[in-house]
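Both of the next two complexes hold chain A, though its partner changes from chain B to chain C.
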Partner chain A sequence: MLQEESDLALIIAQIVQKLKGSNLYAQLERQAWASLQRPEIKLESLKEDIKEFFKISGWEKKLQNAVYSELNVFPLPSHPAAPPEHLKEPLVYMRKAQGSWEKRILKSLNSMCTELSIPLARKRPVGEQKELLNKWNEMGTDEPDLSLFRPVYAPKDFLEVLINLRNPNYENGDSHSFRTHLGLIQVPLKVKDIPELKEFFVELGLTAGQLGIDDSTQVPPELFENEHVRIGQKVLSEQDSAAAQQYIRQGSPTALRAELWALILNISSQPEDILYYEQLKTNVIQHDLLVDSLIYKDVKLTASNDDYYFVFEDYLYQVLLCFSRDTSVLGHFAYNSASPPKSYIRGKLGLEEYAVFYPPNGVIPFHGFSMYVAPLCFLYHEPSKLYQIFREMYVRFFFRLHSISSHPSGIVSLCLLFETLLQTYLPQLFYHLREIGAQPLRISFKWMVRAFSGYLATDQLLLLWDRILGYNSLEILAVLAAAVFAFRAVNLMEVTSLAAAEAVLADLSTLKVMPLLQIFLFATVT
Partner chain B sequence: MSRVSVPCHVKGTVALQVGDVRTSQGRPGVLVIDVTFPSVAPFELQEIMFKNYYTAFLTIRVRQHTSTHTPAKWVTCLRDYCLMPDPHSEEGAQEYVSLFKHQMLCDMGKVLELRLILRQPSPLWLSFTVEELQIYQQGPKSPSMTFPKWLSHPVPCEQPAPLLEVDGCYDLNLLSYT
Partner chain C sequence: MGGSKGVRSPHPQPCLSFPLSHSEGEWDFYWCDVSWLRENFDHTYMDEHVRISHFRNHYELTRKNYMVKNLKRFRKQLEREAGKLEAAKCDFFPKTFEMPCEYHLFVEEFRKNPGITWIMKPVARSQGKGIFLFRRLKDIMDWKKDTRSSDDQKDDIPVENYVAQHYIENPYLIGGRKFDLRVYVLVMSYMPLRAWLYRDGFARFSNTRFTLNSIDDQYVHLTNVAVQKTSPDYHPKGCKWMLQRFRQYLASKHGPKAVETLFSDMDNIFIRSLQSVQKAIISDKHCFELYGYDILIDQDLKPWLLEVNASPSLTASSQEDYELKTCLLEDTLHIVDMEARLTGREKRVGGFDLMWNDGPVSREDGAHDLSGLGNFVTNTHLGCVNDRKKQLRQLFRSLQGQKKTPN
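Entry: the complex of A and B
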């Protein structure tokens, strides 16, 4: 068999394997059986007739969307000899660095546990369960004493780890030479340059219409906006994931955004999904986890203080507390360089039958984690739908922003991409900021780790996240970060300290992201 | 078609460098690895598999058994195969690679010896090589193919309900470091 044919066969086998366990498979089976009653299904041509029926009734489209979703999320099957950890992260030194970082987090969590004498998990007494159930829709009114809790880590701690990341096989000389990078990131990952970015983001070019630019009040809607909305409605009526993903590269109309994102992420609220969410809610009621306090603290510190998001405080608890209990999230660790923390039932240390992941979803929240959920509250008001959308966004994109990997959308690559773009296209600015001790990444890191949530105005943030979904990549975050520096370059050239540079870039709430991106990529003279 | 591993002897890598290896400043950019097959008759090569470690380009030369009495000559069967699209960056640096018979420039019917010529033109890396080298010949024709590990150990499908307790208990020890 030719290599390409056997690769394709392997991909097909993997997708079939994954879909076999899904609800869609069961539904398709039921539909196929039910269709036997129909007059147009003949025994002689059973296979073709059923296929035709699926095509007409829209089930083939649902299957197409599911396959497309798998292709987007799961990496292609790697070489047969590659062990599972190679799929998580191919570079050995990055795996080791991620392992050390995780160990630090676990130590921090364990010491918090022993210092405060609070168990990792405890079953709630019946009285407490009743109370929580009554308060479920207004958990924000609760004011538990969280003063002793501290976040397990903040983005700046993570940045220090990334700065110290070194490839042992790389010439890391102390003396500055062509080998040392001028920025903070010292690992030689491959990142795109502007010609490659122009090709990758071709739909953002000057000759294509954009929502975020061509829908402003000065532009007559007949030029672009009306037609774009019409196409969006057609895409939704066809229920085609791939078309939606292509369409949203030019932005989503506000009225269609919630449905478009659900279509691209292949989320449809079935009764099973609502039931699953209710089951998670029951788990929250029955057990109290230490990470719950971390979530409370994070929401109180970040989203509750934000002018745009404080109204959604209760929703955030309802999503994040359930998220911690969701073991289906464990599936994403197959392609995440991180691994879920493990613990054992008390008294059964080392016995694998008594091993559990902690928290059940394997994700320990850090300072700012709730900001991944907050913007979604503008789009979805039904808790189980909001939950599903967030979960899918997390296992597709957000996890890459806080784990150490060589993936092009991983935070290390984004940092390197940002620094490289800045150095190449704004060398004077970069040099100046370095000289005054204000390495640009120290300022832009927090924007990228949070995917700009909490820094941009909400409508602008949603336009940005449209493009993350459309291109299935987080690289746009690094490009935007560089574009922001380019926009404020004149002011930045005049500052003489890191604090002053931070002040120039403290408020991004007035920025319009699409013009910035377009100018930086397509209209800057190099 | 199945494949059978051929036991091979991988000789130590030899650096090709102008001048004295000890005193010169630069690093060699070319390494040669000889692979011999003692106690195996000339065989038909099916597949070469290895794990890359920062090698950018690979050339393979082969010496085959000839029926006539002329001495066997070295022939290039793979020329400058690119393992790292950008030799200065990490892409492809630690990947698992398989090279098949149909990718070779010549017929690989009666292999006696192989010579792998590794090139890494970038001065950024301290060392480069290929690891876990395995050579395969064609096995007896059987319907089974070599499947990757995950096909026999499928990823568990969506769980019906989240598991929180083991035997009704969720009283945990501290988190363990493995």
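Entry: the complex of A and C
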């Protein structure tokens, strides 16, 4: 059909445009020039021969992976005339809400700044620079006085904003019916129901093998595990990004996970990447930012206190401090409903020529932010690779967990999905919890905002994040949250207060993620 | 049942049907202190069924100077009987010299390897007390003078024995930190040798980052929790990882084969160390012993034996730790089997796997041989899943069944 063709042409044009500026393009060009030396390249059939060469040498695969990566990350253009804000967020009321939330955060940051009389940024004196360089690998041993710093916001503050979100064009009347949504989120977004989720997550079904279930000690490895590992090794040797993404829906073997994730995220450590990371490190050494103290505080409060992740404290600083100075992250704001906060050089408030993004990457960390990085330390040990993986995970997934948007993987949709699943399939439980003042979302919100990091055992968390990568969606977080409530429903029905409900759900470290998901999606009578 | 440790299990124990005894001499089972043992064992009469938690001369294994002697002797014997390759399997103990009697041998070795770091440890103390590092002979000259002029000499108390040991300068680091492993081995008898390996254990991390620049900083080099507790950086949340986590971490970094090799090298350490003292330890059917092995891994994934503890600490530093230690004790009591419920042919009881039964013990049929060499697969599962409750239920149910059918 003509419309589809022109849509496709538009998509292709956009992707070509994006890739033209990338390193891969320069490499392909170089390779093409170099290939002219080869005997099989003939002038008469130059184009065909070069294409053939690319196919054999694996460069076509790399291009394929890059294109696939772009398709995954960038939303497809809805209409050629749509303004750029629509790419960020099509609904006006969501944009407005995000805007005012950002204003609040910035105000809070500025007031902390004025209160403590600390500049947002300052150049470090040479002595301090040297000291920091020496201590780069053990910044965790530093004990700066952070008592006056407070996190800019915590997940529960964000939840309050989401609870108050309303669509001004939507009026469902005062009458309560069985359709009335009993939860905290009161915006009419489309979320999947269980039949749709079953279709979406078909590879998690009862008839397919899963890592996290079929690799347990009781199951002989010949039934599933051995073959699955073999296929994983094949996928890695083919270096096929799309195949890896399909493969990982059934879980990744421990030994292959680091490489598989890198393949799916299309990360390969080139010398330029290492250089870029070193440059960021230099930025950190030379300038001190106020957000650095926020990062320190967050790491000390969360990751350092964690039984599993305390070991990786130093890596967290090395990643997060560099992250806040990385201006390439600004690129993701094209499809993020959030916008980077702007700050002005002292004395030049309001003058656009003196505006800078603050922090340079436009992301203000909140309480628990460092937990996005901590599980990755299990897989990657080289700072620049760890950094790249985290950055890609952030600009593909994590940013959606703390910005207000209508995207199906955005936190608002996840909350609504969670509440809808609970209300539809566990109505008695939902009603009971609501009656005792323990709205389920108040408990599960923090799990979803952190993508369950710090709540699940590490091996279970990695199995969960395998599926996030595999399905390129965060909806599984909402499904898991509902599955956890379903699992502990019996105990929850007996509690009589919010505190008691919190206690029942305080410890998730013994949970096995995949069986819970399977039972909830495929084995519960609906 | 008398006990000086006073550890209780949180679960109601059907097997603890013995009343607690408070009077001296009236006991069937004693979890005793080594000091009590020293004073009383030799003139205590024990009935056939009585059990006590130490071997009379356990120090052959647990005191560093004795252990070194026994190991060296065993190694020589192996070399005579089975050749250099077999003897090399005993090279898991860093070069050690007893002080002051082997001082001259030590100086010779020292001069051969200038610049390496040595560690001085008192033979009989624990919890990291009295340990220090040195690189120059001058450092220990000063120390020798200091100890000589101490008050101990005046009171005619003999000078404490020390060992000087080659310090492992390339330990495996996680997050820039040094760590060692604590593993539990239960020996039910030496003649014949019957030893069980517990699946759980933990890695103890040093709080500060590893560097060879600060050999004076005890906190960096000593991973003992007791020392770490006094470090200004100490976070009570604990600096331990359960072995399962450690095993998973290594597997994701080095692959399952390398991990299999490492763990089978550790099995080798346990068995050889026990074999080396087999003839020296007075075997007494009343005795059993739960050892705490301290293992250090270096950057080439080679495990080294630091020491063996006869009285591993049973105090808990965290909830996870508490669970591990109570389950460990419960399973120990199951194996000691005061109620005579077991058949004696079990290969697994709770979290313990039978590692050596007068010879290697093989795993159940269908075991995975990852080395691919068709080698013998041992029955050890260190750092693996420990579904002990389920296993115990199944075990005791089948034992009940066996009792009912007269055969």
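Here is the rule we go by: the second predicted complex is superposed on the first by the 511 of 526 C-alpha atoms of A that agree within 3 Å, B and C clash if a C-alpha of one lies under 4 Å from a C-alpha of the other, contacts with A are read in each partner's own complex, and residues count from 1 in each chain.
We adopt the following convention: a residue touches a chain if its C-beta (ideal position, glycine included) is under 8 Å from a C-beta of that chain, and two chains touch if they have at least 3 such contacts.
What you are looking at is a predicted structure, and each value in this text was computed from that prediction instead of being measured.
Shared-chain residue A:S304: touches chain C; no touch with chain B.
By the document's definition of touching, of the two partners only chain B reaches A:C113; chain C does not. Contacts of A:A82 after superposition on the shared chain: chain B is touched, whereas chain C is not. Counting the residues of chain A that each partner touches, chain B and chain C differ, and the larger count belongs to B.
Of the two partner chains, neither chain B nor chain C is touched by A:K47. In the superposed model, A:H287 makes contact with chain B only, not with chain C. When the two complexes are overlaid on their common chain A, residue A:C377 makes contact with chain C while staying clear of chain B.
In the superposition on chain A, A:A258 makes contact with chain C only, while chain B stays out of contact range. Contacts from chain A toward chain B in the complex involve residues 2-3, 6, 10, 13-14, 17-18, 20-23, 77-84, 86, 90-92, 103, 106-107, 109-110, 113-114, 119-123, 167-171, 179, 187-190, 276, 279-280, 283, 286-287, 325-328, 331, 334, 341-346, 349, 353-354, 356, 358, 360, 406.
Within the complex formed with chain C, the chain A residues making contact are 137-138, 140-141, 216-217, 220-221, 254-255, 257-258, 304-308, 310-315, 377-379, 381, 458-459. On the chain B side of its complex with chain A, the touching residues are 49, 51, 53-54, 85-86, 88-91, 93-98, 100, 102-103, 123-128, 132, 145-151, 154-159, 161-164, 166-167, 169-178.
Of all residues in chain C, only 174-177, 205, 208-209, 233, 235, 237-239, 241, 245, 248-249, 251-253, 255-256, 318, 320, 366, 368, 384-385, 387 touch chain A in the complex they form.
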